[in-house]
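The following pair of complexes shares a single chain, chain A, combined with chain B in the former and chain C in the latter.
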Partner chain A sequence: MARRYDSSTTTFSPEGRLHQVEYAIEAINNAGTCVGILANDGIVMASERRITSGLLAPAKTSEKTYKLCDHAACNVAGLTADANILIDQARIYAARNHYVYQDPIPVEQLVEHVCNYKQAYTQYGGLRPFGVAFLFAGYDTQHGFQLYQSDPSGNYSGWKATVIGSNNQAGKSLLKTEYKEEAPSVQEALMLAVKVLNKTMDGTAASVEKMELFRMTLDEDGNCQHHILTANEAKQVIDSVTAEASSSGDS
Partner chain B sequence: MSILEYNGAAMIAMAGKNCVGIAADRRLGMQAQTVSCNFQKVFSVSDKIYVGLAGLASDVQTLHQLLEYRLNLYELNEERKMSPQVFSTLLSNVLYSKRFGPYFIEPIVAGLDKDNKPFLSGSDLIGATVSTDDFVVSGTCTGNLFGMCETLYKPDLEPDQLFETLAQALLSSVDRDALSGWGGVVHIITPTGVMTKELKGRQD
Partner chain C sequence: MDTVLAITYKGGVVLAADQSNARSIISYQSNLDKIKELTSHSAMGVAGPNCDLVRFTEYIAKNLALYQLNHDGTQLSTKAQANFCRSELADALRKGPYQVNLLLGGFDEKAGPSLYFMDYLAALEKVNFGSHGYASSFCLSIMDKEYREDLSEEDALKIIDYCIHEIHTRFLISQPNFMVKVIDKDGVRVSKFGGDPADT
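And now, the complex of A and B:
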């Protein structure tokens, strides 16, 4: 029955739904999980690395985490090819804004711009939507550290902690119980992120090759530092989570 | 009146032993009237690349911001630092893209490439570039600057000697030019860091 209304992105169904957008969201639910957590002195983003083949040569530093400008980065869940277009858009927009105003772009403005671009593909042209969901992490002097989530519809929302990608419901329910009102420190947030990934990647043992941990903090001069944890640093976090789990008798 | 001589400038970049130096004056004028004595004309585009922009002050600032924009996007997309040779080519392209309505700038580029080998280049306002291994000059008193450099330059100077040479060459050149002077700034770029010193010369 929905068939008639789901081939065109620009048509509402009688129930008031955009089926193409919903199908795009489904595509993302099959992608590698990403979790983002706002800490009191930074932001942590962790993602599941899906290694499809041992023969793959890595072209870029990461296929999940991308720097957009000095003070913003994002994590991708979904079609990487679609994500590349949007990331290029975001980088150019942030750089151009900096050229015009000689000031860093407010994080929400950057997020909204990317989302407006995504929205256009749900209303004009008969083109399919982007099959990408993002977690944006950024810092500006007006609102401090911020975490945003966006989806193919072009909607975005700010979060203290959230999960996108496969098994995100399981991840979100864990965050609901474990994320404390007084925000965690970056170190605690890293451990919580690993716990969430352990849950969403249920079955597979946590390991450094399967997880990518990223943190954004400020240095003493107030400049944003982007850091993807090295294999050693990631191992330390994963080991301390495993130790805590076994000592408290969790299953 | 030439538009390239409206604001006034003098700058030199010179190569030493595993180091480069770049020096410029500080004057900003509107023809005869001096407006500022600490106008910045040399900019660091990365730890190891400095660019000196001589010419119309408005274009100095705009071109610096534009080059920073282009360099930042390059580093985001390519995930590596830009080499000075590539930067010099980028600059040349940006200038030529305005071939029939140019930026009134005659820039010089000084940097160390990834093997810490000195790189120098200078170009005209529409992007014709030359790369040298001794020195490049630009500004409203290039005749003076060329003369001083040709006389004082020796190859393989150590950083401290390079600083002295650059400082003396610049200060003597600007004293015979009404449009440049009012102090100077020298940057010496070495593999371990950048040394920046302010020069006090004749304040006229």
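And now, the complex of A and C:
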């Protein structure tokens, strides 16, 4: 019954749904998992690195984490080609805003702009929606550190901790129990993110090659620092999570 | 012919401008308010033809109001407002320029008072005090001599009075009425004026 209303993005089904948008959201559930956690002194984003072939050249840049401007970065789940277009949009918008106002763009404005762009593809043009979900991490002086999630529909919301990509429900349920009321420190958030990825990638052992850990903090001058953990730093976090897990059974 | 003066003090900014509106041999008005309030805590003194004064100030003020509506009541900092003005002047410069010289003053909770000098070619500079028009020849040296880092509001108003007195004594063109406004943590308010702008 729904089949008749599937093909056009810009038509509602009789039940009031936009099927193409929903299918786009489904596409992301096959993508590598991304976790975002708001800490009290920064933000942590961790993502699953899917290595599809041993013949692939080692990546020179991340295919999950992208810097949008000095004070904002994002993690991608979904079609990388689609993501590149949107990331370009975000970068241009942030830079243009800085040109006019000489002040860093408030994070939510940047997120809203990307989402408005995505929304246009669900309402006019006859083009398919973008098959990308984002985790945006940013800092501004008005609201401090913020974490946002957006999906192909163009909706976005602010989160303390969230998961996108494959097995995100398992990840979210773990966060619900493990994320404490008073926000964790960046170090604790890194460990929690690894725990979540362990759960969503269940079966495969946690290792440095399979995870990418990113953190955003402020230095003493109040400037944003973007840092993708080196192999050694990531290994330390993963090892301490493994140690904690193995000793947790003892009373 | 317009005179616009401004000086920062510890805790705020004082803006002053003459109130005459004249062309050729005719005086249209002697109670024109050339200091346009932009947001609750910023205002801009403008020198230039009345048409551009009105067009530019209302355009900027309404765009700043739109920004607040679109962004949940967040106000732009004075620095951001000044840079926005500058970019509008720069965009219009090679299309249909605004012939306005500005002194934009504002008060921010974190940054405190600030004053920005802008000219019709879209130059922008943050300054402690400034003036536009022929008045500069008379007043800039007074402000330069009297300005200190820790002026009080009373001190700042006195310096403006010195400048206005000098203009009345030595400037060829008669500018009897001046509008003086103060911007501090409580917002923009009129300190005094020669001609009541409300009288039409």
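Here, the second predicted complex is superposed on the first by the 246 of 251 C-alpha atoms of A that agree within 3 Å, B and C clash if a C-alpha of one lies under 4 Å from a C-alpha of the other, contacts with A are read in each partner's own complex, and residues count from 1 in each chain.
Definition applied: a residue touches a chain if its C-beta (ideal position, glycine included) is under 8 Å from a C-beta of that chain, and two chains touch if they have at least 3 such contacts.
Fair warning: this is a prediction, and the values are worked out from it, not measured in the lab.
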{"item": "Which superposed partner A:A205 touches (first chain B, second chain C, both, neither)", "value": "neither"}
{"item": "First, second, both or neither for A:Q142, with chain B first and chain C second", "value": "second"}
{"item": "Chain B versus chain C as contact partner of A:K67, first or second or both or neither", "value": "first"}
{"item": "Contacts of A:A57 with chain B and chain C, given as first, second, both or neither", "value": "neither"}
{"item": "Per-residue touch tally on chain A - higher for chain B or for chain C", "value": "B"}
{"item": "First (chain B), second (chain C), both or neither touched by A:R91", "value": "first"}
{"item": "Which superposed partner A:Y99 touches (first chain B, second chain C, both, neither)", "value": "both"}
{"item": "Intersection of chain A interface sets (partners chain B, chain C)", "value": "99, 102"}
{"item": "Chain C to chain A touching residues, read off their complex", "value": "71, 74, 76-77, 79-80, 83-84, 87, 110"}
{"item": "Partner chain A, residues of chain B touching it in the complex", "value": "65-66, 68-69, 72-73, 76-77, 79"}
{"item": "Residue ranges of chain A in contact with chain C within the complex", "value": "99-103, 106, 109, 141-142"}
{"item": "In the complex with chain B, residue positions of chain A that touch it", "value": "60-61, 67-69, 88, 91-92, 95-96, 98-99, 102"}
